[in-house]
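Presented sequentially are two complexes of chain A, the first with chain B as partner and the second with chain C.
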Partner chain A sequence: MSGYLARRLLAALPTLLGISLLAFALLSLLPSDPILTWSEGMIPASAAEMERLRTALRSDESPAERYADWLLALLRGDLGASMRDGRPVTTLIAEALPWTIVLNGAAVVLIYALGLPLGWALSRRRRPMLGGASGLLLLLSVVPPFAAALLLQRLFAVRLGLLPLQGTGVGGGLAVLPHLVLPALCLALSGWGFVARYARVAFRSAMPESAIAAARARGLAGLSLARHFAANAALPFLWMLGGLVPALLSGSVIVEEIFSWPGMGRLLLRGVEGRDYPLVLTLVFLSGVAVLLGQLLADLLLPALDPRARAPLVGTESGE
Partner chain B sequence: MTPRRPTPAVALLTLTGAALVAPLLVDDRPILARRLDGSLAWPALVERGWSEADGVALVNPPLHQSWRAVHLEEALRPPSLQHPCGTDALGRDLLARVLHGARLSILVGLGATGFALAAGLLLGGTAALRGGWADLGLSRLIETLTCFPPFVLAMALVAVRGGGVGSMIVAIGIGRTASAARFARTEVLRWRGTGVWLAARASGGSRGHAAIRHLLPLLADHLSIQAAFGVAQAILLEGGLSFLGLGVPAPIPSWGNILADGRSTLEIAWWPVVIPALGLAAVLAFLLRSGSSSPESA
Partner chain C sequence: MTGADLSSVMVERLVADFLVDQGPDLQLVPSLAASWERSADGKVITFHLRPGVRFHDSAPFTSDDVVFTWQKIVDPASRAVGRVDAFLPIASVEAVDPLTVRVTYKEAFAPALRGWQIPILPAHLYRGADFATAAANRAPVGTGPFRFVSWDAGRSIVLEANRDYWGGAPGLAQFVFQIVPAADTAFQALLAGEVDYARLPAARQASLMDDAAFTGRFRVLRSVPLFFYYIAWRGDGSNPFFADPRTRRALAMAIDREGYVASVLRGLGEMTDSPFAPLLPAPRARGPAHDPAAAAALLDEAGWRLDPKSGLRKRAGRTFRFTLLVFTGGEDHVQFSQVVQENLRGLGIEMRIERLDWQTLWTRLKSGDFEAAFSGFVPGPDPDSVYGLLHSSQIAGGQNYAAWRDPAVDAALDTARHTLDDTARMAIYRSIESRVLEAQPYAFLFAPVVLGAVNGRFEGAIPSPAGFLGHRPGAAALRPAVGAPQDR
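Let's turn to the complex of A and B:
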């Protein structure tokens, strides 16, 4: 078991390096003059200002040199400073990250709480509720999340006045909860369709009706039946984790912007709007790392639930 | 299951046609006109100004409204006979803007998906066919690309390159390449183990020739399903980018930026938000239903 853990972690290292290389390459090597793009829409920069930018962006050094420096600084935990206000990127992230974790955590709970039962209903055939469930699934996957967020915000915060309009409220702790409801709900909207669709396939293969009928025939019922299938039912949770993280990170940007939630998504948007390269580079890199961590977590938990995964996965990692 | 659903290929063609035709339904310029010197002109098809003095209109669009003419005295009119979908905060006809925005959203969706499928087939196909070190390296690349959330990647790329139609197609295309590449690699590996591949190679075809002439047609069905889902995803991504103000520049309508414009006046007018959202939902539903036309596909 520990051998499997070590091998899986080791196999993630090249991917981690790849993420840093790709993030750097995409943002630095594309045919465009960063200085021109940066000063776009502003008063034409003076020669001194251009010089300052050139030093800040270090555009006269070779890309390989800049990449090596960036990577070394990254290893030291030095993420550079924002080009707009000069504050260290680590500080900006430290301020924003907890908010994003709270929002996404709440969204994950909501997504699983509705998505898995919906996927379960869809995986069982010949049920009267099937028509309604698949209609709901289609509806969930076609409603554009940003439009839904705008309309829900208007309905609950403006019309009914039940929930706060935006922001996180003053004072920490439980005072945040009412502010959390709408953003988490809107973020979950985009995940429900995905999870339900995925869970339908997973439940169908992991818990076919014949197996349940066989278990019932052996006299299992109620709690003992649930215990019998608990591990099987937990599998879809894991399989989806890897795919859910990128969906949430993407949705987070728009939801955080609409609800003025001071998280990573808004930070990225500010960075993109301000052409703040060090900030955007770090955030793109970190989003890749977050997805990788999600995949790793799923892979590491899988063998605990599924004995089939213990041996073969290790084999395919090196072989094939 | 309803019996008649469009196949993905038909759905994509219909959508392309609709994107090209839709702007002709509402425009302030004639579709066909005769210039003063007697030659024929197509003012609504080419993006050029046209005034009454330029010639005589022969064929006019059914609705004579402009998507960019500002009429502040008609701002935020609810849907009426003159403006079937109402007007926005600057008094521009919303139906005209939504239909013109459809062209942009759909063309970016199609372009980005074309880009992603081409790049994905190249990456995944090469990995599967070459095997060995090439497969190992390319698979790592695909795995790495998978790690970037498409929307975050597209945002960053648009930040570097600026937001035009071309750079949005590339940005969304790169974001969606990974899933296309994974699909291509799995499918090609599957077919490579069968007699089809062996026969094609044994009859003297080179690897590339056999892949294009013999494997690609076998993948066509699955590819068109992938394309339908891909276009739906890409249209949503484009909508998100434009909604955040990172898409095409201001006067040009796109579903995303119409929605974003409507946001500030949502307190007093619902139509600038609801109507583009309905358009978006309709196109997505059309694509997703065509993509899941076989009952077993997830």
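Let's turn to the complex of A and C:
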């Protein structure tokens, strides 16, 4: 197992290098000038002033030189400082990441809390009412987040005045909770239909009526019945989470912007708008690393849950 | 000082005082400098600082802080882009005594005082620290009417009243900036009562002004910022169209900006016929009026004749077909460009519209890689600020995107800079203005009216071209409305 892990990690290295090169190339292709971006908002910058800054800040280095500088710093564990803010990129990420985790975590909880029971009920027998509900959820999932956000804001905050419209409030802790509801709901809308449909199929194939009847016949009931099918049923949901999380994260860029949520999505948007190279580079690179780690984790968990996936793994390891 | 977004500029204004400030009508007013005088040859300005002023940490404000602030602004490592220009002609800044600063210019520099509209930094907190990462950047200390309390990254900035303010305690106990990136969200938050001030979305301005329920709840602040839209015609010969002033004049006459402002903006805009529009004494100069027939005649005269087959104008086998660059994020920008497209099609000119994000547009403008571009200009309160748009030295790297070159205008702009007598100086700008209106290197268009709304719980906001916070007294004049409940 440890040899397998080491090999997987080694194989990931070229991928990582590729991600870093791609991220850097994409940013270099954007037509812009970092010095220009400091003189934001059409504040006149004279020719003399631009020239003076350019010389002072060596911004005329070639892209290859800058890439090499960045890669070497990365190897030393130095992610650089934001060009606009002056603070280390790691500080900015440390501020934003918890907000994104809270928002997406809440969305996942909301999605599963409604999607799983609905999927279960749908998998048991045909009920036209339930079918209609899941159809409606599927319909809701195609409403673009920006439109859903505006509707939710107008209804719950402006019209009814039940929930805060945006932001996180001034305090921390539980005071943030009411502010979390609308953005999390907005994200969950896009996931419910998908999860309910997926769960119906998954429950049907992992726990067919016949298998449950057979288990009952062997005297299993209640908790022990659930435990009997737990591993079987968990597998598809793990995979589903793998598809859900990236989708949520990309949706949360827009949702964070509309709801003034201070997370990673907004950090990325501000970075791209301001051509904050060190910040955007790090964010793109880290998201690549996160996807890679997710795949690795799934590859390691799958054999742990599914004996069929374990067999070839043992085979290759014994072959060494 | 490193940030350039709206909120950091506003926070800076509330926490720090400027050495010299501007009133609501943009006239120069004393602030940390209680008075000043200029030597007869105009090269030396002596500032007499206000005595007894203290920073929020109770350190005294002295001439040392002024000298230090100047040093930091001219230091390229500070990246104080957009503020350096007025400081490049300075030879030296000296602290004569704790309350006197003497600034010597290399030569007489007429707009010099405007350059000193800058917040003064506390030297004792920055000296010895790395300027880009100093603690005082995240917890600013100034002499201003509000003191800094907290900054929650990406969420809010909280300020409280400076009860010991030299200009008298402000009317509000607390001032909270909420960071709301989406403009429509900010407006919805105003309606929901979560914020007390927001700009009105451009598309809804006119209808909201007619809405009695809205105007009853909010005080609407109307202002015309120092700003105008223009189309730059790249006239350096890199395309066959815009080097000829007759063609540029014809296009200016073809564009129906009056119609656009009246119908689409429902009158919420002012015509800008000249880049100097509000900066010179009345009366305002007038550019060519909207006249499609005269425009057609002028195009014929310039050799662009209608080709009956294609319906487009041609000259020497070349069809009049060009591309206009437009910022895709601006509703005004895109809508107005479509109006221009329609106007020009009526004259037999095909204009394509290329929509770009701000950074890309800016880069294309700076590199001269375009035929025509729709953009905006923010002049300062002094007519010298139009230098960047018109002087030929500003073609490479500056803002003279039309690449317009007129030696007479270059010389006059330089002379005006060094002319201290105000009447003589304004006369020079008048002569420049008439040459510009004759040559039409840019089509000068209009300035949109900006409407903001303050919750009726507050009063005392003074609208200004600089915004209701961008002047003295600004935020210090805000107070709870008489008889209204107050909790913020």
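Keep this in mind: the second predicted complex is superposed on the first by the 207 of 320 C-alpha atoms of A that agree within 3 Å, B and C clash if a C-alpha of one lies under 4 Å from a C-alpha of the other, contacts with A are read in each partner's own complex, and residues count from 1 in each chain.
Here is the rule we use: a contact is a pair of C-beta atoms (placed from the backbone, for glycine too) under 8 Å apart; a residue touches a chain by one contact, two chains touch by 3 or more.
Not measured: the values here are computed from a predicted model.
Colleague: Taking the superposition on A as described, I'd like to know which of chain B and chain C A:Thr15 touches: first, second, both or neither.
Modeller: A:Thr15 contacts chain B only, not chain C.
Colleague: A:Val181 contacts which: chain B (first), chain C (second), both, neither?
Modeller: Neither chain B nor chain C is touched by A:Val181.
Colleague: Figure out whether A:Val142 sits in contact with chain B (first) or chain C (second), or with both, or with neither.
Modeller: A:Val142 sits against chain B, while chain C stays out of touch.
Colleague: Is A:Leu225 contacted by the first partner chain B, the second partner chain C, both or neither?
Modeller: Neither partner.
Colleague: By the touch definition at the top of the document, which applies to A:Leu151: first (chain B), second (chain C), both, or neither?
Modeller: In the superposition, A:Leu151 contacts chain B only.
Colleague: On the A-aligned overlay, A:Leu292 touches which partner chain: chain B = first, chain C = second, or both, or neither?
Modeller: first
Colleague: Using the superposition on chain A described above, determine whether A:Asp85 touches chain B (first), chain C (second), both, or neither.
Modeller: The answer is second: A:Asp85 touches chain C but not chain B.
Colleague: For A:Val284, using the defined touch cut-off, is the partner it touches chain B, chain C, both, or neither? Pick first, second, both or neither.
Modeller: First partner only, chain B.
Colleague: Which partner does A:Leu71 reach: the first (chain B), the second (chain C), both, or neither?
Modeller: neither
Colleague: Show me the chain A residues, by the header's touch rule, that chain B contacts in one structure and chain C contacts in the other.
Modeller: Dual-contact residues (chain A): 30, 32, 37, 40, 150, 154, 158, 257, 269, 273, 275.
Colleague: Please output the residues of chain A touching chain B within their complex, sorted ascending.
Modeller: 14-15, 18-19, 21-23, 26-27, 30, 32, 34, 37, 40, 138, 141-148, 150-151, 154, 158, 197-198, 200-201, 245-247, 249-251, 253-254, 257, 268-269, 271-273, 275, 280-281, 283-284, 287-289, 291-292, 295
Colleague: Across the complex, what residues on chain C touch chain A?
Modeller: Interface residues on chain C, with respect to chain A: 2-6, 76-77, 79, 81-82, 84-85, 88, 132-133, 137, 152-156, 158, 176, 178-182, 184-185, 188-189, 191-192, 194, 358-360, 362-364, 366, 375-378, 380, 385, 387-388, 393-399.
Colleague: Taking the complex as given, what residues does chain B use to touch chain A?
Modeller: My answer: residues 140-141, 143-153, 155-162, 174, 236, 239-240, 243-246, 256, 259, 262-263, 266-267, 273-274, 276-277, 280-282, 284-285, 288-289, 298.
Colleague: Could you please specify the touching residues of chain A with respect to chain C in the complex?
Modeller: Spelled out, the residues of chain A in touch with chain C are 30-33, 35-53, 55-57, 81, 84-87, 92, 95-96, 99, 150, 153-154, 157-158, 161, 164-168, 170, 257-260, 262-263, 266-267, 269-270, 273, 275.
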